[in-house]
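Next come two complexes, and both contain chain A; in the first it sits with chain B, in the second with chain C.
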Partner chain A sequence: MIGKSVFRALNGRQEFVKRCSKIVIRASSTVPQMSLPLSSENSNPLPFFRSKQNSPSLHGSNNSGQFYTIDPSIKKQLFLYGGIPKTYDDLCKTFKETCMMIREPALEIMDYMKSTNFNNAATRYCLYGKIGTGKSMTMAHLLHYGFENNFVIVHVPWAPYWYKFPKEYSDCPTKEGMVDLPLDAVAWLIHFKNQNSHLLADPKLSVCQDWEWSKREITKKGAPLAEIVEMGINRVKHSTNCIEALLQELKQLSDLKRCKTLVVIDGFNIFFSDKTKIKTAAFEKIPPKRVTITSPFVDITKQDWSNGAVIVSVDDLAFFRKDERNTHYPRGLLGAEGFEHLDPFIPIETKNYSEKEFHYCIEYFLDRRWIINPHAASEEGRKELAFLSNCNPFNLLKVTAPL
Partner chain B sequence: MSSLTKLISTLARVSDTKLALLNHSNVQIISSAKMSQYPKYFIDPTFRNDELNALYETGEVKEKALVPCRAALTEHTSSEFYSSFTRKFINHVMRKGNKQLAREVVEKAFEVIKKTQIQKYHSLPPEKKVDFTIRDPHELFHQAVINVKPIMVLTPIKRGGVRYQVPVPVDDLQATILAYKWFIEASKDKERTVRFYNKLAKEIMDAANNTGRVVKKKLDLHKQCEANRAYAHYRWN
Partner chain C sequence: MATTMLHKHRVSVLFSFGRSLFVRLNVLQGEFGLHQKCSGYSRPINTLSASEAIAEIKNMPDESRPMPAKKPISKAMKAYLLQAKNYDEFMKKQNTEFQIGRRHLANIMSMDADTMSQEDIDQAIEFLFPSGLYEPRARPMMKSPELIFPPKKAAEFDESGRPYHSLFYTMNPNFYGLLQDAVTEYIGLNKEEDNMIRKRISFSSDMKIILSGSDWLSQEKLSNLLIEQIDDAQYEQFKNVMLRLAEHPLSNKVKDFIMKYRYSLVNEAALAEIPKPSYEKDGRAYVTFKGARRKNAYADVTVHMPGTGKFLINDCDIEYFQDIQSREQITFPLIFTALLGKVDVTATAIQGGTTGQSGAVRYGLAMALRSFVDDKMVERMRLAGLLQVDWRTRERKKPGQPGARRKPTWKAR
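Coming up: the complex of A and B.
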């Protein structure tokens, strides 16, 4: 009974803080990439598992394990077409807030990015780890960081979708033996436009060379970059060519220091696999190499450009079920070809929850009423949850679902 | 006194067995020794930590250790989240021995119940949040079954070459089993695209509020029993 009243009191305080923050946001709604500001000094302090800092650039090791809140407007801009894993997104809709845990892999990469010399070639980071340890969530956190620091974001939420559930495929008219994914390319361009809408208006982002789409359609040198994006969205036939042009332009523009680019690709190892569900007109099944949308994204992860960063994740789930390699290490998942392409890179491992992170996670679930069963809050209950889920973040979600 | 309660009390007066009719007590799912591979003197296993500790404290352990004991079932766990009531329902949901699927489906239904409540809770303004209690899905299910259990059922009894539908009292265990059956039937009766666990969750939440399809089925059955009260004496004749 005492516990209940404490919960109610805590919830009341949190609602008060949220209301204060909401008023401040409305006043400054014209400023782009505005995170929820720090809680005002007058309000009661946040519980220990929540961070006052809602801006990833200011996250440090003292925030490790804490949950920070993403502003709904930022979530809409960054993650409308994917980025936050579906199970977790469902949870965010249930809790009416998008909160993410600040964990070591994300802090490590942000630390490196803050101290990188961007005159050198773009550094490549490879996130790896067992299933459910937080690779996609780390990427979402880093996307938010890139967004705040005015990076042009090139984001592929989950690359295997193109090869497992293609919307439509057709033989490429210009390149022999290749297959186009026109609608998927358009969908990606719309996603790119949505994420970088505030930067595409910048006059510095202008095209470096002429691009000829057909006899009558030409994008001339000096035109805004947004024109290529619009061309790809409106003319489905040229969508993949527009992606190629766009990514090459971004490489050149980054070299010329007119912008900085952050490439984030989830499930990168699918690009070097053998299988897809895509067939040619002659019903021949083809590998990802022969799909036109693969090459621009493999190209941008090369080290022939500067002033940017490439964050890539490798996951066993990217492959088809029968082709699982039962390993979580980059060398096994990328294969010889993929490893040689990506080498040298900085490998970052995502791990199961530490004791502190587990404790904070359970407290957050209790706070949000995700765990209702009174036994779960007790010491034996927590020990059982830690054992059943092995402190794996995804498994913990599954195990606590019916409680 | 309503006509229904009159009928019940008539049956109670005449019947020999004691019926826990009007107080819907908690169901005690006792392991029935009616049809069992074990002889009758075999005792049930003690698998809950608190019960075991109590046995050690009182010293009953020494006596119990000498008595032959039945094997514990796979669902008899010392888990903190064990619910004997729910596990019986999961057994009824199970088809072709696929216990894992049955458990997943029932747990998913509970998850859905929980999510709908939490979403409502978080949409409320802070003043109203204090009054809103999010009920444990197990508790809700328990309440739903209590609301759905029938007191009487119709049984066909043949008298003089004619089968009459006679209202007959039903004991607690049989009533619970009927309630489980009705929940499962109601959850199966759906469009192809609707998931079983979503339908089950909806049925449980409705029944806990004493509304919905399954409660209606019970009430219809009671009405029919009322209507056939004239045949009640055929039970003994």
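Coming up: the complex of A and C.
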């Protein structure tokens, strides 16, 4: 466990390598080849850290801390273009299953959503917390919940990608001083289409007004909503306009009770920051306000529509490294402008693992053979892991990686 | 004559030093009764009366007994004795000056001159004459002359030129005396061993001296101790002889003799003073270790004994250190002493960077935890290196080089 002292104690690298190779040889010869059993294959009663309920709508506080499995087909539909953080996604590939821990923040929001009066203006929830405590994971859980409950999902997996790693940017032809991100807009529309494919076929989702894209291209009132999406995907020039139109339509449709919308935006605070990597044709760096794709998503988080919910997360990692604000609280991250825009909202904090959650997590890692070192599984080993990682979920993952 | 000398005194007669040549010849004469002309035979016999002659014969010294002659002191001897006398006088003078200086210093610093210790003097001088020099020996110091001026041997022979030490003619009497003492001790141990075998007393391992934790005095230190120049061959010989003695199964009996020529590798003074914990109002024991250092960082660490494993550093939890290495550093003492989760730790670290601060906290924590563990564990901590200040600092950049070790790019031509 204390790698360095063991290293020193064994008198040099050669000794260390010799012993390691001995262990390796021993392992390959004596330990039988094990295939990682999938939870779905288990016909026996599930271990205590796994939940039988794979449907988020049925999750309750009795499931708190347990891991539930996401069906691969659902994962493909919901998270193909983002949603599960990359590190965790790699872990899922290693474990051959997509399992997520059911934690308090998600349960809390789901509880509120179950008891919300959707006639009122759309409630805004703001997820905040220290880095690595599970904001994105909570959002993924809630996405699954929204998907199950037939919400139309407006999901931005990680908003800062648009401003830090834009695919392509060009000056907006129609609006002066603004810059377009045409390819990113198209990519988002494809993501939207993928997530809501089962709902876009619904005839209730029809356009409420005429939309004119150019002299010849018009989407008439009553046309299916999918047409706007297709227009944006096929005609790159109009992609951002299509997004604007789409989101406005969704607001109206939600008001008319023809659908309910769940807006999920990760890294929302980037919309109110000062810097991006995007430049105008004159090489002038611009803030997110002057990027056309920003306004539709800021607009949909307003409280001028009903029959929906807005879940937003604020993260210090959204900013550029140099501009990190070293705070995890919404007021600090959103700034005055952002806070005024989002106010009033329900702040939900994501925290480090509790003792029970930590225990369940370790058990899951042991089950998946992420932790092989026997000392790590012992009482003292666990204490040490808890201390080293401070029960931070992300840190725990990193600390246990070499074990 | 030379050969008989050898037999008696086990000395090789070296004629390399001119001065000592004269002395030795004189001594030779003295030893074997070769007198210079006695003054009693100055007058011719035919001038004396019978009674006078008889009286003279009676008063004549017995020729069979060698008599120390009253010979004039040679120039070399005179010079030597003068030198010794001068040295004594010089030291006396320096001593009085030092004492006067002490009184003046006490006056300046308003301290009591009688109770002023050398430590107080050192502190006062450091205060009055602050120095930026790196080498401590180059800084201003005020010490008793015995400590500053190299010790010289007192007069090694008397006025007649007869040396006091039996091994004087070896040129290094103290050194060879030491070797002879070692051999004497060895012979004594051999006799004891024989006795024990005869009485069938069993030997145990604790009758043999344990040399770990200490090392032989260096050549320089040995030279200083014996006030003689010891060359490499002699030093090797010394080590061989002492080692031979130490390897004897009963060497613990001569431990005092052997340890005189060894220095301890462990800073026992510092380790011996394990602080006792103080107590809070609610009865919790706590210990604070201040001034723990690593690189440029300083840390003060407080440990409360009946605790729940809380860890606070500069009012943040362990997430203050973002990299895993720093976190492992501060975890190490707790894991090692198995006190993780049983104590509360509060630390403040200033200056330095991540590595420095975490290293300082680790050292402070280990030093503070000593009060809550038994001696065996303290020893184990010492062996693990937890109780040792990590003295490594950033190496200085040298002129003509881009860095501390980096040299300018080497070019073939």
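The rule is simple: the second predicted complex is superposed on the first by the 360 of 403 C-alpha atoms of A that agree within 3 Å, B and C clash if a C-alpha of one lies under 4 Å from a C-alpha of the other, contacts with A are read in each partner's own complex, and residues count from 1 in each chain.
Following the convention adopted for this analysis, a contact is a pair of C-beta atoms (placed from the backbone, for glycine too) under 8 Å apart; a residue touches a chain by one contact, two chains touch by 3 or more.
Quick caveat: nothing in here was measured; it's all calculated off a predicted structure.
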Check: What is the contact status of A:Arg368 with respect to chain B (first) and chain C (second): first, second, both, or neither?
Finding: first
Next item on the list: Would you check which partner chain A:Glu384 touches, where first means chain B only, second means chain C only, and both and neither mean what they say?
Entry: both
Notebook entry, point to check: Once the shared chain is lined up, is A:Lys96 touching chain B (first), chain C (second), both, or neither of them?
Noted result: first
Margin query: Applying the document's definition of touch, where does A:Asp299 land relative to chain B and chain C: first, second, both, or neither?
Written below: neither
Next item on the list: Once the structures are superposed on A, label A:Lys130 by its partner contacts, choosing first (chain B), second (chain C), both or neither.
Entry: second
Check: After lining up the shared chain so the two structures overlap, which partner does A:Glu148 touch, if you call chain B first and chain C second: first, second, both or neither?
Finding: neither
Next item on the list: Could you tell me if A:Asn392 is touching chain B, chain C, both of them or neither one (first, second, both, neither)?
Entry: second
Notebook entry, point to check: Does chain B (first) or chain C (second) touch A:Glu227, or do both, or does neither?
Noted result: neither
Next item on the list: Name the contact category of A:Leu403: first (chain B only), second (chain C only), both, or neither.
Entry: first
Next item on the list: Quick one: name whichever of chain B and chain C touches more residues of chain A.
Entry: B
Notebook entry, point to check: Which residues of chain A are in contact with chain B in one complex and with chain C in the other?
Noted result: 380, 384
Next item on the list: Enumerate the contact residues on chain C facing chain A in the complex.
Entry: 309, 311, 317-319, 324, 327-328, 331-332, 334-335, 338, 340-341, 384
Next item on the list: Sort out for me which residues of chain A touch chain C in the complex.
Entry: 1-2, 4-5, 130, 380, 383-384, 387-388, 390, 392, 398-399
Checklist line | List of chain A residues in touch with chain B within their complex | finding: 8, 11-12, 15-16, 19, 90, 93-97, 368-370, 372-376, 378, 380-381, 384, 401-403
Margin query: Residue numbers of chain B touching chain A in their complex, please.
Written below: 79-81, 107-108, 110-111, 114-115, 118-119, 121-123, 125-126, 129-130, 134-138
